[in-house]
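Structures given as structure tokens follow.
The same chain A turns up in both complexes below, where it pairs with chain B and then with chain C.
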Partner chain A sequence: MSENKKFRSKSGKERTVRVIIYIFLTVLCVIWLIPFIYLIFQAFRGESTSMVTYIIPRKWTFDNFIFLFTKTNFGHWYLNTFIIALFNAVLQTVIVLCVAYALSRMRFKGRKFLMNLMLVLGMFPGFLSMIATYFILKLFGLTSENAVPGLILVYAASSGMGYYIAKGFFDTIPKSLDEAARIDGASRARVFFRIIMPMAKPIIIYTIMMAFIAPWGDFMYASLITFGHEEAYNVAVGLYKWLDKEHISNYFTIFCAGGLLVSIPITALFMALQKYYVEGVTGGAVKG
Partner chain B sequence: MSKLSELEYLGLPPAKRKLHDIGQFFARLPGNLLHFLKKIPLGIWRCLCAVGRFFAGIGHIFADGDWKTRVSFLVMGFGQFFRRQIGRGIIFLGMEGLFIWFMSMFGFGYLAGMKDLGTQATVKTLNDYGLEVVTYKDNSLKILHGVLTIFIVIGFLWTWYINIKQNYTAQKLIEKGVRPKSFRNDIKSLADEQYYKTLLAVPLLGITIFTIIPIFFMILIAFTNYDYSHLPPDKLFGWVGLDNFQTMLATDASGSDKFAYTFREILIWTLIWALIATFSNYFLGMFVAICINRKGIRFKKVFRTILVMTIAVPQFVSLLLVSKMFADDGIVNSVLMNWGWITEKIKFWTTQDMARIMVLVVNLWVGIPYLMLIATGVLMNIPADLYESAKIDGASGFRQFTKITLPYMLFVTGPYLLTSFTANINNFNVIYLLTAGAPKTMAYEGGAGGTDLLITWLYTLTVTNNDYKIAAVIGILVFIVVAVISLIVYNVSPAMKNEEDFQ
Partner chain C sequence: MAEVKLRNVKKQYDNGFVAVHDFNLEIKDKEFIVLVGPSGCGKSTTLRMIAGLEDISGGEISIGENVVNDMEPKDRDIAMVFQNYALYPHMSVYENIAFGLRLRRLPNDEIHKKVCEAAEILGITELLGRKPKQLSGGQRQRVAIGRAIVRVPKVFLMDEPLSNLDAKLRNQMRAEIILLREKIQTTFVYVTHDQTEAMTLGDRIVIMKDGYVMQVGTPQELFNHPANLFVAGFIGTPQMNFFDAKLKKDGGKYTVTVRGAAIEVPDYICEKLDARSQVPEDVILGARPENLLIRPSGSKNTIKAHMKVTEMMGSEMHIHADYGGEKDIILRVQTSDLDEEAQVELMARTDFEFTIRQRTINLFDPEDGRNLAVENAVPVPKKNETAVTEDNGSNKKDKKNRKSKK
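Moving on, here comes the complex of A and B:
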């Protein structure tokens, strides 16, 4: 500490560097915050629903939110998205953990092949499969008015390919733990539930969180599968339409209000679980 | 950096050793690349050998098997019934029965339909009142049924192979005097030695139905003329061979090369975009991380939290809003004009160059926080003694960055750089939500615009233009681009190979 103090007092250069960094970071933060502040201001603006040339509203109001729930299908969209997100969080987490455990802990014929196959499949652009996915869902009758179960199915079905981060985490749990338990007569299934699962809490939370958040932002699949049936939209598809040329002058502040309602719970959840997110992301990036 | 002998290497302090490793990695890159290219023919040869061995194995089973095993080649599960594995036998026999029923009822019809995808789409007849009635006959989308049938056949062949193999194994066990596993043991092992089968069954079924089959379907579509003028159920589409690829890469049927031109231009922009977007985010994100994590800087958590908010807010809200903020009559232009800084509106999205710069800049807004998080994690792990010794040697801050921080970061996050490069090639959200590909230009075919990436063009072609055949071709070409880049990098970088090292 004393050394640190000496160093600080000695070097005026160090102080200027720090001041520059503070200024830089503050400017950065302001730039990063502007769109969100703008969003909040617009959501509560009362004098008109179109875009205006000033930032701070002249009249503050809740009308936009009331309009959302009384005059539009926003409530439906919100509920749809919430249901999808909830189911997706459960199904996707189960699937990802199963795949990750099998590929991390067990050695079987075809394991390498399977991993390479999923790697190659991941290189195809997601859209390529969209049209066929649509027809397959249609075969099961899960489009338009039944789009909610259809979307849950689509999200969950392909989630097995996103096992990398969870597998990377399982890889770091020492294998000797499994082996000790297996010598004591525990089956693989028991090892999975009793030993690995309790240790995998951070990655389970990370997976649940990502699986819950993803459906809120999905536009491409949802727009295709819900096509032509407004009540089945999710929030992204519903709100997107309000910013096109015909609607924007009547719906701009409504869009902002809706966007705010979507953002608040997601952001709150994200911030609360930030620690796990950082762990998952850095772990995933470093180990590939 | 020259290669040290083992003794010299071990004599180095651990920190320097790490640095040496990193230097060696970059020095070996070109060699590894060459090595990889040499490996391709070898890999193909090995593949062929494996296929050969597979069929030889089947032949061997038939030659070496007893009569029960041989009958099982035709009647699945036959051998199992005689070897006290009745449970397995019933399953195999049942599957064969089901398969035969399916194929005779539907399967062969579907497969036959694949040949010309239907001959007559609709029949118009007059009903009793003299009104025209349209009856739908063939539908080219039956191709999907054909694809499903193909996968069922493949699945059946695989089951058949397992069946004969199990017969053979059981036969050998009995010859040795061991009793093959009973059905109850089979079930039990699904929770133990074969637990992976239990774990992977559902996920793999999902991937097969919703990823593999659709991709296979779209690859087939690339060889048909399925587009807006051949939409079922009113019209039929059929096989056209490699015509679509020719349209895309050279000239189309009418001799115009507009599609090829558009494709080339968009491919180049996609690669430029991916390169700049990846590296600008990478370096600026790292820079911000270094600033925030610098010794003596306070409010680290506040800065970090504010930046991370962009990750949390759903992109369709934040990006759509940003795109409207920079619109011609958006808030940015208005405020700048109110302040008297500009007199004419800046056309952020309506000229190609400006729009391209804007998407790259806004992408920084999206990407920097993410990189900042990753870089923070990695920076913490750099051994502190590296910096200590550098300081003693009198290295400046900049030199420390280029000689220690940067190589270390690149070494550790190499695989991430690759994934983020390929993710940027397919970065739909940023482009579509910001510009939707605009500004559109007449120079491009297929509704493409100045900021369109291949992936957003693919979207426009499918959803807006219904030009499925061309979309399928683009999808395949995107795959080839991504696959080639990934294959090379995966094979060259060491981090991907040593999977077992972590455990």
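Moving on, here comes the complex of A and C:
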């Protein structure tokens, strides 16, 4: 008990300050949540499809969702996005982890230069190269109707540049573990897969999440590379089209229903993986 | 079970820093060699070169019949115990020990048998199911040793394996390493900065400083006949005392004089001195603290000293005293030689006289620090050289150690 007391604020002034802080945070929280709550309610609104100024629907319905999958290409878009995100999650994770491990553990000529180069290149916004990328992909026939593999290529190709966080993590794993395994008879690859990977769970999870989320919500590249072929759109591009002047009055609640569905996989992914995300597992490896 | 030969081995880092200069050593089959020296002397680098974890810049290392310069660590048939244990945290103790065997694709029942045997030897059978983080420091170290012995390697390398343990556990593990060594007859190379470990474990000791080998020899040789001032000061606690002295030839005999007290030079040193083309007049006389003997005042040929501090260690007493020379000296007195009254009296004294036990003296050349009676002694590397090398020293491990100690 006596220990707990230490943490309890005693003076009235302190308490007032704390109350004010919490009120402020609560207000902030509500403001932040309003758009999301609005989106959810609008998705189930049945009396009209246009934009309205009230939040609670007068008539509840699932019609918006049914409409999404029966009368529009949303199913296609959803599948496209899912395939792209899934492939990218796998490819990018493999590439990022390999690059990060190599840069963390191996010493080779030009290593420093390469790291700096990637850092500097990463500072340029990606859309600078958009036109060039578009024409290259077009040469290979990977735009419009073939945009899905094209987009996978675009997203995965530059993924090695995002090595910093994983490298920072690998740097914290003692080198003597690698050395012990190499003396035990393991090759570099085996050290990576048998020793380092099991310890790198948090960073693997992190990389997978990032690699999945980035293409899931990408608009810029997707809108350019899928240009002119509606079936190849991803969800971001497809949904955005419904916010045009000519569509918005007919599609607003349907847009909201689509938005709700788009947020589900990301939320689920995060919920499923976050428990692995909390703590590293290096405890006990070396004297600490 | 193999000889290890190092011929003119050199290690130079990319920034030009030379960690090991021209290292030559032949390690016999089943010999226990200890590499010892202060931080940054290149001992760990040498060990890591034998292991294959560091490239060799020059020279040749062979294990058994094979030159292993360009061989991968996994092909050298060695095992190594690291200072920080380096256990695989996601594997159980059993899997940690079995890992090397699994990579060699041994059948499961054979792996099981070997792991159990190793665990038996080290007394960790009941820990086999645990994860490394559930173990204490001493247990982790045992597992690390288990992982190394289970493969019966040709050479067993240990890189300061005890330095992370507390003092009591360290003594216990040291004794266990001696026992272990009798059980698994193989070649050992052991790195430490602790001279007690070096003295108690090694068949032969290699003392290094700034990348140079100072002396190679049995613990006894190193202790009784240190090749230079560095070795003399490094081995033995408290440190050897050094006196400025004059060497004179009188008839067939040499005598050495410290502050007016003449000491006859032992015959074996005289012979060595006679064999030399030139004998310096000024020398440094080295005598260990236990070889300075307190005499009743008024005795002949004594050196007067002023007592500064006495340290009562229980079985012995260390007396720090000023004899008028450059540095203070330390005397070690066995308390069991004195009754309690005499002890109290000794501690109360301020001035006393002492002599040096004649047969134990060592004479050093003040110019280069070499022992005049040891053939092929290596000179002590010059101070300014070491100052430069320490600045751009890239022995990361030692640097880290130094930092963590701070």
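Rule of thumb we're sticking to: the second predicted complex is superposed on the first by the 261 of 288 C-alpha atoms of A that agree within 3 Å, B and C clash if a C-alpha of one lies under 4 Å from a C-alpha of the other, contacts with A are read in each partner's own complex, and residues count from 1 in each chain.
Definition applied: a contact is a pair of C-beta atoms (placed from the backbone, for glycine too) under 8 Å apart; a residue touches a chain by one contact, two chains touch by 3 or more.
Predicted, not measured: the structure shown is a model, and the values here were computed from it.
Chemist: One more residue to check, A:Leu33. First (chain B), second (chain C), both or neither?
Modeler: Touch status of A:Leu33: first partner only.
Chemist: With the two structures laid over each other on chain A, which partner does A:Gly217 touch: chain B (first), chain C (second), both, or neither?
Modeler: The first partner, chain B, only.
Chemist: After lining up the shared chain so the two structures overlap, which partner does A:Phe135 touch, if you call chain B first and chain C second: first, second, both or neither?
Modeler: First partner only, chain B.
Chemist: Once the structures are superposed on A, label A:Leu177 by its partner contacts, choosing first (chain B), second (chain C), both or neither.
Modeler: second
Chemist: Which chain, chain B or chain C, is in touch with more residues of chain A?
Modeler: Of chain B and chain C, the partner in contact with more residues of chain A is B.
Chemist: With the two complexes superposed on chain A, say which partner A:Gly185 touches: chain B (first), chain C (second), both, or neither.
Modeler: The second partner, chain C, only.
Chemist: In the overlaid three-chain picture, which partner chain does A:Met199 touch, first (chain B) or second (chain C), both, or neither?
Modeler: Once the two structures are laid over each other on A, A:Met199 reaches chain C alone.
Chemist: By the touch definition above, which chain A residues appear in both interfaces, chain B in one complex and chain C in the other?
Modeler: Touching chain B in the first complex and chain C in the second, residues 174, 187, 281-287 of chain A appear in both lists.
Chemist: What residues of chain A sit close enough to touch chain C in their complex?
Modeler: On the chain A side, the touching residues are 174, 176-177, 179-187, 190, 195, 198-199, 281-287.
Chemist: If you look only at chain A, which of its residues touch chain B in the complex?
Modeler: By the definition above, chain A touches chain B via 8, 14, 18, 21-22, 24-25, 28-29, 31-33, 35-36, 38-39, 51-55, 95, 98-99, 101-102, 106, 108, 111, 114, 118-121, 123-133, 135-136, 139, 153-154, 156-161, 168, 171-172, 174-175, 187-189, 192, 213, 216-217, 219-220, 223-224, 236, 239-240, 243, 248, 252, 255-256, 259, 262-263, 266-267, 270-271, 274, 277-278, 281-288.
Chemist: Write out the stretch or stretches of chain B touching chain A in their complex.
Modeler: Residue list for chain B touching chain A: 141, 144, 191-193, 195-196, 198-200, 202-204, 206-207, 209-215, 217-218, 221, 288, 291-292, 294, 296-297, 302-303, 305-318, 320-322, 324-325, 327, 329-331, 334-335, 337-338, 365, 369-370, 373-374, 376-378, 412-416, 419, 422, 426, 428-429, 432-433, 454-455, 458-459, 462-463, 468, 471-472, 475-476, 478-479, 482-483, 486, 495-496, 499, 502-503.
Chemist: Contact residues on chain C for chain A in the complex?
Modeler: So the residues of chain C in touch with chain A come to 51-53, 72-74, 78-80, 82-90, 99-100, 103-104, 131-135, 137, 140, 147, 151, 164.
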